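Worksheet: the structure to be examined is printed underneath.
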Amino acid sequence: MKCYLTCSFAGFISLDENCTLLDYELFPRDKLKERFAKITAGIVTREEELILKRLVKKCDTIVIETNTPHSRYKNLKESIKFKYETPNMAGEFLRSNMEDLLKKTDFLKSDDDLTKIIHDLSIEITNDRLRKASESEDMFLIQAINSIDELDETTGKMVERLREWYSIHFPELDKIKNHERFVEIVADLGDRDSIIDSGVLDPDKDSVRTDKSIGAPISEIDLLILKEFASSIKSLQVTKRSITEYIDERMGEIAPNLKDLTGASLGAKLIAHVGSLERLSKMASGTVQVLGAEKALFRHLKTGERPPKHGLIFQHPEVRGAKWWIRGKVARTLALKISLAVRTDVYSGEYDPSIRESFEKRIEEIKKSNPFPKKST
Amino acid sequence: MKCYLTCSFAGFISLDENCTLLDYELFPRDKLKERFAKITAGIVTREEELILKRLVKKCDTIVIETNTPHSRYKNLKESIKFKYETPNMAGEFLRSNMEDLLKKTDFLKSDDDLTKIIHDLSIEITNDRLRKASESEDMFLIQAINSIDELDETTGKMVERLREWYSIHFPELDKIKNHERFVEIVADLGDRDSIIDSGVLDPDKDSVRTDKSIGAPISEIDLLILKEFASSIKSLQVTKRSITEYIDERMGEIAPNLKDLTGASLGAKLIAHVGSLERLSKMASGTVQVLGAEKALFRHLKTGERPPKHGLIFQHPEVRGAKWWIRGKVARTLALKISLAVRTDVYSGEYDPSIRESFEKRIEEIKKSNPFPKKST
Amino acid sequence: MEKLEKFTGVYNIEDHIATENLNTGKKVYGERLIEVDDKEYRIWEPRRSKLGAAIMNGMETFPFKTDSKILYLGASSGTTPSHISDIATNGTIWCVEFSPRMMRSLVELSRDRVNMVPLLDDATKPRNYLHLLEKVDILYSDVAQSKQSELFMENMRLYLKPEGIGIIMIKSRSIDVTQSPKKIFREEEKKLKTGGFKVLEKINLEPYEKDHLAMVCKFAF
Amino acid sequence: MEKLEKFTGVYNIEDHIATENLNTGKKVYGERLIEVDDKEYRIWEPRRSKLGAAIMNGMETFPFKTDSKILYLGASSGTTPSHISDIATNGTIWCVEFSPRMMRSLVELSRDRVNMVPLLDDATKPRNYLHLLEKVDILYSDVAQSKQSELFMENMRLYLKPEGIGIIMIKSRSIDVTQSPKKIFREEEKKLKTGGFKVLEKINLEPYEKDHLAMVCKFAF
């Protein structure tokens, strides 16, 4: 006899070739979510093993509808009888007659509401998936913000090399202190004469001497490789810009309030530092204030040195730009608002401009009421 | 009166509007080369100052033919009288009547051979320039070989970041240990399904599990930025290959014998380590042997630890691959041959395959006569 | 207020279309709520909902009924699904959406509407949700993807009842920005025909949406 | 052995062209040395020297004389200049070459030949050597560069006597690999004409060199 096995959120159902119910093995009613997660992950559940064990006794061929890799059925008894077909007849029949069939299997009692069961189960499943997704969202963000540090370091080293290398030919160009501009000029224009002829150098601003260079002449082949090296630095700079934009966009989705308050980059660094937005939301604002200053904090605890006033949040313009006598206050205020913003991001997800506005207002007050340093007592 | 000033290797000559010799100021006969270097570098020489001082007394306008930046004449007396025109009438006349004119200025005595003077002077000038050029050749090479180290370090770090980042989505791919291949797969194919569908993964060799990934799904925007990051690593790898080829080619020109003996990369590293091919050629082979092991050498001198057997030359396959009991001998032999090769490169520049051949022969002898370690005594 | 003959559950209030609010007192996307004869109606904004735009532009085949089972691909944050949920009060709307951000709003919405079933999944891989779905009367697809027609057909083949109706909202710019929308619409229609479907109706969504076309189809057999 | 009428200083020995060796006993580039009547001749390999190829292919205007002054651009390691040096025994050949590697051989060669003057310099910047040169009878240019005609003309304007002759060896692949050689040659000829020169003669260098053309010209006035 040939039979067909299909699966639903309720469990496994087997039909014969006439679509008559042959056998079934339901999931425990309180384990629907867990079982569904397993079959989604491609795991052969206990229920599937049980029904297959019974079916191989009755049938010559069992046509299984499944998303599970076929290799995972190999170790089951008489697996030689298994065929795989997705979708198969039983699945099609089940999905066309779900309510009837589930009633026949006693999964649905007479007063059960199938729609409600599916509705509630789906919400549970979706919430689980959302939790996992927001973890991976955080992880993508964290990798991106970390890659920026590496790109900066990398590009910095390579630009130094390029400057040294290029100076053999045209040392005067090293006066251009802006890395991006230096790289672009070398990558796009190449040799000294081309650069001078192009007119990109501003005689007033750049103060690059162009009349007589003390550099060596350069051959085509030396120039080509230098230009290629410069171009690859340029492409790193472009990638850095793309990743920065990506972080900006992602932060707007994941943590719009944190982004509004701190900017995308600092916000992402805070998340990266603690590992996830959720973890950040559970931290006391005092901790947030010194995130990234762990060493100084440790020294404080151990040797009684002054505690740090700020860690990563020093990068915020309001903290960095604050007069020294109010910097501690500003940092404390910012940390408080960060905690608020992050909690809003995690629990409601709604953007609320009042968080940043109230921070700005508070800073104004601090500035106004502390125009001068207090005399030390 | 209007007059014209031109310059030649012999000195400065001034003609009037009828091409009559008006004045001249010759270079000292034994300083021709030095003076020529100065005018080439765009320096106003003492002779030029002298003749101009005289000319401004006689003339209203002095039309100067020069490659020197005009700004450098600004500080001379009555420089308001100077006009610049290159070439000018005097220069054209001089170059059409060189011998006559130089005889009139007494630069050429009756028995002097102008051709011979120019010939000898040019050879001297060219040799000076060659010396400078080979310095800059060395410098270009050194920058290139140093950039390879940086590219390696940079690429390595970025690949680590890429692997961590990409593993959120498809951690199983991390089994591909070859960096270049990993980067290429991610840059070109992107997401898990595309990679699996493309068939690039070899189920036997790669041992990447493709049936069910434990990674998170990935959105278009997350994937795009990851691919861009991977592509920029790929472009660094391409640049590294180009620079490697460049070094190979340059080494073939600058030091064909050293390249033949050690390979382009190790040869270039040796040159980079000491700063120039010429400096390397002047080193004792014992020094060459431990180049790059300066720390160990210093320790040896200070504390009496064992002296190092090899520095950079450990990278040579014959040294690295030698049995421990002959490695010192092999290193010594290689260092000797390197000194020979480098000297040949500097002094004759001719490629001589016998250097490598004799090295190989010597190594065979060492191997043959030392099949087993000597018993320690 | 007027009940629209052709459109089950859709009303005309002051020249706006509207549905009766299943979840009284709550707005979904900022739309206006209007009370008429003790019942609350939600104005259906055709600029925010492509199905709304299709109705405004005279859609002929409106398959939604009180007990319809619907698979909705690309449910986004639930603007259009909420109106369908107002209509198919005894039906089920499986709402597939891949973006976690959209899904967060959609789950909230679904809590209050028992006929909405949220699914965080990838509509390009319809087998993923094979074990959770029933066959449906209507398959509605609004996924801004280059392969939107292909995934629409794949989902129909797996989940649409033989007599069911498929509705796809084609966004030409997602398929190819360099081609003219007309040409793209023609090509996508051809794909559906070659794929075994009959196109019942095409509705241009201008002026509510630019370069969009709604296509209504069913199995050709 | 036969003295070639049209080609001062060039001989025909056993159907090879040759010049009398100025530096007896020494080869320059591996060419054969042949002694005839107590004089030593160097076989001029047309596959190694484009001027040799032009002679073989029936060049009409051969301007080199015993006392010629010549500016040679792109002298490389001196293969062709050495033969000119054999001919212009009382003249001067300024040999401009930019590559240090080539120049090293060229300097060695020049030591033994007093009529050869080596110059490590850039032919695209002819003013660089303004203070070292005289006006010349012949300007010979063999520089594999995309702007080879332009630099040829600039050098002629600065250094060629009014009645002088210019010879350029055009390598089409250096100008544009994607274009047909014919088209390139036509364009380069046009450049010379527009630039104020008259083309006296064009010699294809096949089979000795592929996609090369020798052009002989003078001032048009």
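Going by the order they are written in, the chains are A, B, C and D; count residues from 1 in each one.
Throughout what follows, a residue touches a chain if its C-beta (ideal position, glycine included) is under 8 Å from a C-beta of that chain, and two chains touch if they have at least 3 such contacts.
Keep in mind it's a predicted model, so treat the numbers as computed, not measured.
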item	value
Joint neighbours of subunit C and subunit B, given as chain labels	A
Where subunit A and subunit B overlap in contact partners, by chain label	C, D
Whole-Å gap between the CA centroids of subunit B and subunit D	30
CA centroid of subunit C to CA centroid of subunit D, Å	80
Centre-to-centre distance between subunit D and subunit A (centres being mean Cα positions), rounded to whole Å	66
Overlap residues in subunit D, where contacts from two or more other chains coincide	none
Contacts with two or more other chains, residues of subunit B listed in rising order	133, 217
Chain contact graph, described as a line, ring, star, complete graph or other shape	other
Inter-chain touch pairs (all)	A-B, A-C, A-D, B-C, B-D
Sites on subunit B touched by subunit A in the complex	41-42, 68-69, 71, 132-133, 135-136, 139-140, 143-144, 146-147, 150-151, 153-154, 157-158, 161, 164-165, 168-169, 211-212, 216-218, 221-222, 225, 228-229, 231-232, 235-236, 238-239, 242-243, 246, 249-250
Touch list for subunit B against partner subunit C, complex	217, 219
Subunit C residues within the subunit A interface of the complex	92, 94, 100-101, 103-104, 107, 110-111, 114-120, 127-128, 130-135, 158-159, 161
Footprint of subunit B on subunit C - complex, ascending	98-99, 122
Residues of subunit A that touch subunit C when the two form their complex	7-9, 36, 39-40, 65, 67, 86-87, 91-92, 95-96, 98, 115-116, 118-119, 121-123, 125-127, 129-130, 133-134, 137, 253, 349
